[in-house]
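Note that the chains are named A, B, C and D in the order they appear, and that numbering of residues resets to 1 at the start of each chain.
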Amino acid sequence: MKRSLFNLFALLAVLSLALAACGGAAPAPTAAPAATTAATEAPAAPTEAPAVAVEKTVTVGFTASQTGSQEVSSKRQVNGFNLWMNQVNEAGGLTLSDGTIVKFAAQSYDDESNKERVQELYTRLITEDKADFLISPYSSGLTAAAAVIAEQNGKLMITTGAADDDTYKQGYTGVFQLYTPGSLYLTSTVDMIKTLDPAAKIAIVNESDKFSTAVVGGLKPYAVAQGFEVVLEEAYASDTADFGPIINKIKDSGATVVLGGGHYPDGSTFARQLYERKIGIQFIGILVAPPDSKFSELGDAALGVTGPSQWEGKATHTEAEAKGLGIEWFGPSGADFAAAFEAAYGDKPTYHAAGGYTAGLLLQKAILNADSVDSEAVKAALDAMNIFTFYGGIKFDTSAEAHGLQIGHSMVVIQWQKNDAGELVREVVWPADVATKSPIFPITAP
Amino acid sequence: MTLLLQVQGVTKRFGGLQALTQVTFDLPAGEIFGLIGPNGAGKTTLFNTINGVYHPEEGRIVFQGKDVTKMKPYYLAKMGMARTHQIVRPLNELTVRENVMVGACFGHENQHLASAAKIADEVLDFVKLSSRADQLAGSLNVAQKKRLEMARALASHPRLLLLDEVLAGLNPSEIDGMIQMILDIRTQGVTIIMIEHLMKAVMNVSDRILVLDYGEQIAEGNPKEIASDPKVIEAYLGDPKLAERLMEDD
Amino acid sequence: MQQLNLLLASLPDGILLGFVYGVAAMGLTLIWGVMNVINLSHGPIISLGMFGAYIVFIKMGINPYLGLLIIAPLGLLLGVLIYVVAVHRVINAPHLSSLLATFSVNMIIIGLGTAAFTTSPYNVDFNMGSVTLGSTTLLGTRLIAALAAIIATGSLYLFLYRTRPGKYIRAVANNRAAAELMGIPSSRILALSFGLGTMLAAISGALIATFFPFSILSGGGYELKSFVIGVLGGLGNPIGALVGGLALGALEAIVPAFMETSWVPVIEFGLFILALLVRPNGLFGAKE
Amino acid sequence: MRNWQKYIGIIIPLLVVAGLMLYPTVTGKAAARETAFTILKAIALASSLNILLGYTGYVSFGHIVFFGFGGYVGFYLLSSQGASLWIAILAGGLSSGILAFLLGKAILRLRGAYFALATIGVNEAMKAFINNFDLFGGPTGITLNFKTYLAYGGASKALEMAFFIVGGLACLAIIMSYVIRTSKFGLGLLAIRENEDAAEVMGVIAPDAKTWAYVLSAIIPGMIGVLFFFKNGNVEPHDAFPLHASIELLVMVMLGGQGTVLGPILGAFAYQGMRGYLVTSDFFKDIQLSVSGALLLIIVLFIPAGAVGWLRKRSELLRRVLA
């Protein structure tokens, strides 16, 4: 009898331990590289500061995908953001009109590219880490999950690396998109085709997922409105490896232009097989994959393939461009950004990195415009925002139906071409005023 | 006397193998009916056909006046047919009592859990397994598992009990105990068909006996008739082991 | 008429691919047939075969087809290792145990593979030219892969039917207890069979890598296809696996001619369930 | 004495859930609430799976199909048809139950590994189908308009409510699990698990019992699906039918001990705790999947009965106490 009671106590003890373990198993914050230390070690406050300089540290929270499918792009985005933050803090922070000095600290966690985790961690960022502003995770899916939490808690969130339109059409008021929305991804490509061959026959072949479907949803009506004939519309499953049957269909449809794709793996496979099958396509425009440097691994198959890019180092936007448009210019030049990035990370910045950096830059500008770190004031400043940076224009839709949707930014089109040394390089071919090379067209003789 | 079970011209094939050919017999209520034959004669197949595990290609099986030829085993169990298996099938991870309760709950009488537990305890007492009631069935030895099979079948309070070699592998005192148990069961009004290799036991216990050889029914009658049937003797001479046992028994 | 054209163009290609699917499925089905274990580490092993091709070709500069001679024995060894460490103890346990044991091997390989290669795609840029016949273009890499698949199948067949260890394997598959009574060392034979199964997976991975990009996660898709093929061809039947592979390859070519390509998996898995229900031993398998 | 022993098998699990629900409320930490939500969801799903896996002995590798399908149906009604959350949750449970009933009639005829394979096929077929099914948004999925939360007192109130509902559903799953475990129906399921042929001979109508077990194990996952998508605000096909989540559920049930009421709860707890630790630990972060795999392998090889099963084997009292 005694023994059995003892057993029972032992069991209860084990259970309560388990309970305690659960409480303790909460994730430890992953250190934001150098950021916080830089903030505290930064030398004295700026000289022009008034006598009563109040220093205020603003916490910016976000999750990064250190593991899982979004790992590579997410890392670039976070590096971009951290570069911005270090620069601002090293320069002594921002000074508001009342003399307050604003510095930034980042708080971030690994979201494992997992939605459930994203929601858990954003809640933690808001309620426990008391983040003042939020940056989105990388990818539309994760951002959609994070946006719900931000909105539910009334926090401002600047999204980057999240192109899908849908998130901004759900009645949110505090979520602001930096990327050109998905539905406009390929419209500039259509404009370009119009100058090359107004009689082109277009085949739209896309991955059957949220982002690519949104792109196609915008592409098809636009192409038709521009007077093109869409001869094939075909969606394929995300893990498709064999595009043979699809390519046969394209050939059969008599298309001269192929637009579509989805993400890197399927997009690069599609491009490679289009090349191998030699079906005489004159123009190929593919999402996501071509702007990635890895795309050159395809060798000759990459030659002539185009893709839309949020930003290209080679065709970075300039102050002169802003002046021409009559829009306020803000931030460093593209060359300065690229140099700083390369110095910090030993790598040329991609558009993911530029997006991360610009997210910070946008926050900086909004705080300055609002002359306050109060959420409501910053939100009003974002609503009124209309600036030009090296990344391009930034302006938000403020209608109730699509609040926060990016409407000021346009994409460039890149094409893989060979330089004089015969190496594959990414050239900007559209819009014409920023183009570094004229497009190769047709890529194969009709 | 009413007929509890009628087996009419039952034929069962497995691919090219003729396992049962035109087996026919009637079983009045209250009898102990012996089923013998050399190894592979189709005895267990006949059991499986009677209780619905197999369905015959030809023939009919009538139980309590109802054609049950195409019926599934669980419906037959609910109508009052219970059986044991030659190779025991204990529900290893359940206790002995729970094993027996399954028979009471789902068999002929559809008892509730509480009454099933009561029946289980009675039956376990009867088969002398009471002291093991809370053990897991997997921990029993073979003889105990055989008694457990029996207990599960009895707990359903069946009309007809099919016993498949319940004596095999038991020692002489265990055999005596089991035979006594079978006779006791009959006094409770349960009709029994038993497959058995031990001739002495079958001859002593059975009212009538049916002999199968290669799926064919070669003889049917009371023990005395069977013992002197030339076809039976011939069949058994084909199996030296059984012939030996016959000698030993007489 | 248009559909017919599409079919004529796509079918040969699908069938060539089917040979490689068949080899992958053969690995799965061999292990199933011999020891009743569904190997859930099949997919990652296919991925390892892909990276094997990548390493021998890109890093060591060896022709990927010659590289098979290195990859195959490594696949065999890996399989024997997996068997000894993870499978042997649960070989007689309920199915759940062996499923979870091989699944944990799956997690281990994917975890290490992700740490080593990340999850981004790799390419073995190996071009063998192409042959154009009428409306269809046959890629050299696929032709050779199909040939390699036929050789692998033939060798397996010869091994199983003409050599002593092969006969032992069939004996163990048929009735392990009886085989043990006859003095066949069943543990060693089981380990060998598992090794052969993973070897076939690795070979198929290496062949696929010559024409499709891959990551450490790519094997998962081919594992699912192997299940489908195994069920179509009859689990435990190597020749059935090859026939099932061809059927699946053909199906993937036929379906897009009639509907949107995104319907392919719906048809594939629908057929899979149907096949399981109608003929659990396979549409082409022997009736038990 | 005997009386409380009889009920302790349900009291301990309910205490665990109550503790989980109180913890964030007492500490007032919203992030702890998120962690607790994940664990409660895992408890509800694992306990439901246990009805099929632990009691009936059928290994389902695709149980998440009920979470996804029920969730999709309910979420569709909620977002596109203006149904209330309650109606949507009920509809989610109901539609999963119906799906299980129809599926069960077909695939529960298969035994062992064939059944496991079929469940994988069902999950993949369903995912591919939903991806092509325009009513449910096809590949784009469904996103909930933020205004919907207003009906529940605004977003943060809605989230809080979702937390209490998931706790309620976890309790419901545990009570269901316990009632089945101690009922006549449950005895029949256990008999099927141990030896289906013997059970049939003893009069257990196995095809019906299995189908109902399948249906009962599908209802709560369907309801959880609706709730989870409601909380997330959106759903896409690949979020709704992740095959690996099915296998994680199996691992949880196995870890804690299949066929017991408490096992899946401890398993869900331990698994989520372990994952939470590994993915955030600097040392294990990069190879966390491998470490999880190695731990799982050790458990499968050496403690196949799971923690509760292992404890039950140690003592008579524990066997009576730990249902």
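The criterion applied here is as follows: contacts are C-beta pairs under 8 Å (C-beta built on N, C-alpha and C of every residue); 3 or more make two chains touch, one makes a residue touch a chain.
If you're wondering where the values come from, they're calculated on a predicted model, not measured in any experiment.
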Between A-C and C-D, name the chain pair that shares the greater number of C-beta pairs in contact.
C-D
Based on mean C-alpha positions, I'd like to know which chain lies farthest from chain B.
A
The distance between the C-alpha centres of chain A and chain C, rounded to whole Å, is 38
Per the centroid of Cα atoms for each chain, what is the distance between chain C and chain D, given in Å?
32
For the pair chain B and chain C, the C-alpha centroid-to-centroid distance in angstrom is 48
Once you find the CA centre of chain A and the CA centre of chain B, what distance in Å lies between them?
75
Would you please write down the residue numbers of chain D that are in contact with two or more other chains?
128, 131-132, 139, 286, 288
Where chain C touches two or more other chains simultaneously, the residues are 114, 260, 262, 265
With touch defined as at the top, which chains are paired up in contact here?
A-C, A-D, B-D, C-D
Partner chain A, residues of chain C touching it in the complex:
2, 5-6, 9-10, 13-14, 17, 114, 118-121, 123, 125, 127, 130, 136-137, 139, 208, 212-213, 215, 218, 221, 252-253, 255-257, 260-262, 264-265
Interface residues, chain D side, partner chain B - complex:
183-184, 187-188, 190-191, 193-195, 197-206, 259, 316
For the chain D and chain C complex, residues of the former touching the latter:
53, 57, 59, 61, 106-107, 109-110, 112-114, 116-118, 120-122, 124-125, 127-129, 131-132, 139, 247, 250-251, 254, 258, 286-294, 296-297, 300-301, 304
Give the list of chain A residues in touch with chain C in this complex.
67-69, 71-72, 208, 234-237, 239-242, 244-246, 248-249, 251-252, 264-265, 268-269, 272, 276-278, 294, 297-299
Which residues of chain D touch chain A once you look at their complex with the stated criterion?
12, 16, 19-20, 23, 29-35, 37-39, 128, 131-132, 138-141, 143-147, 149, 154-156, 158-159, 231-234, 236, 238-239, 266, 269-270, 272-273, 276-277, 279-281, 285-286, 288, 311, 315, 317-318, 321-322
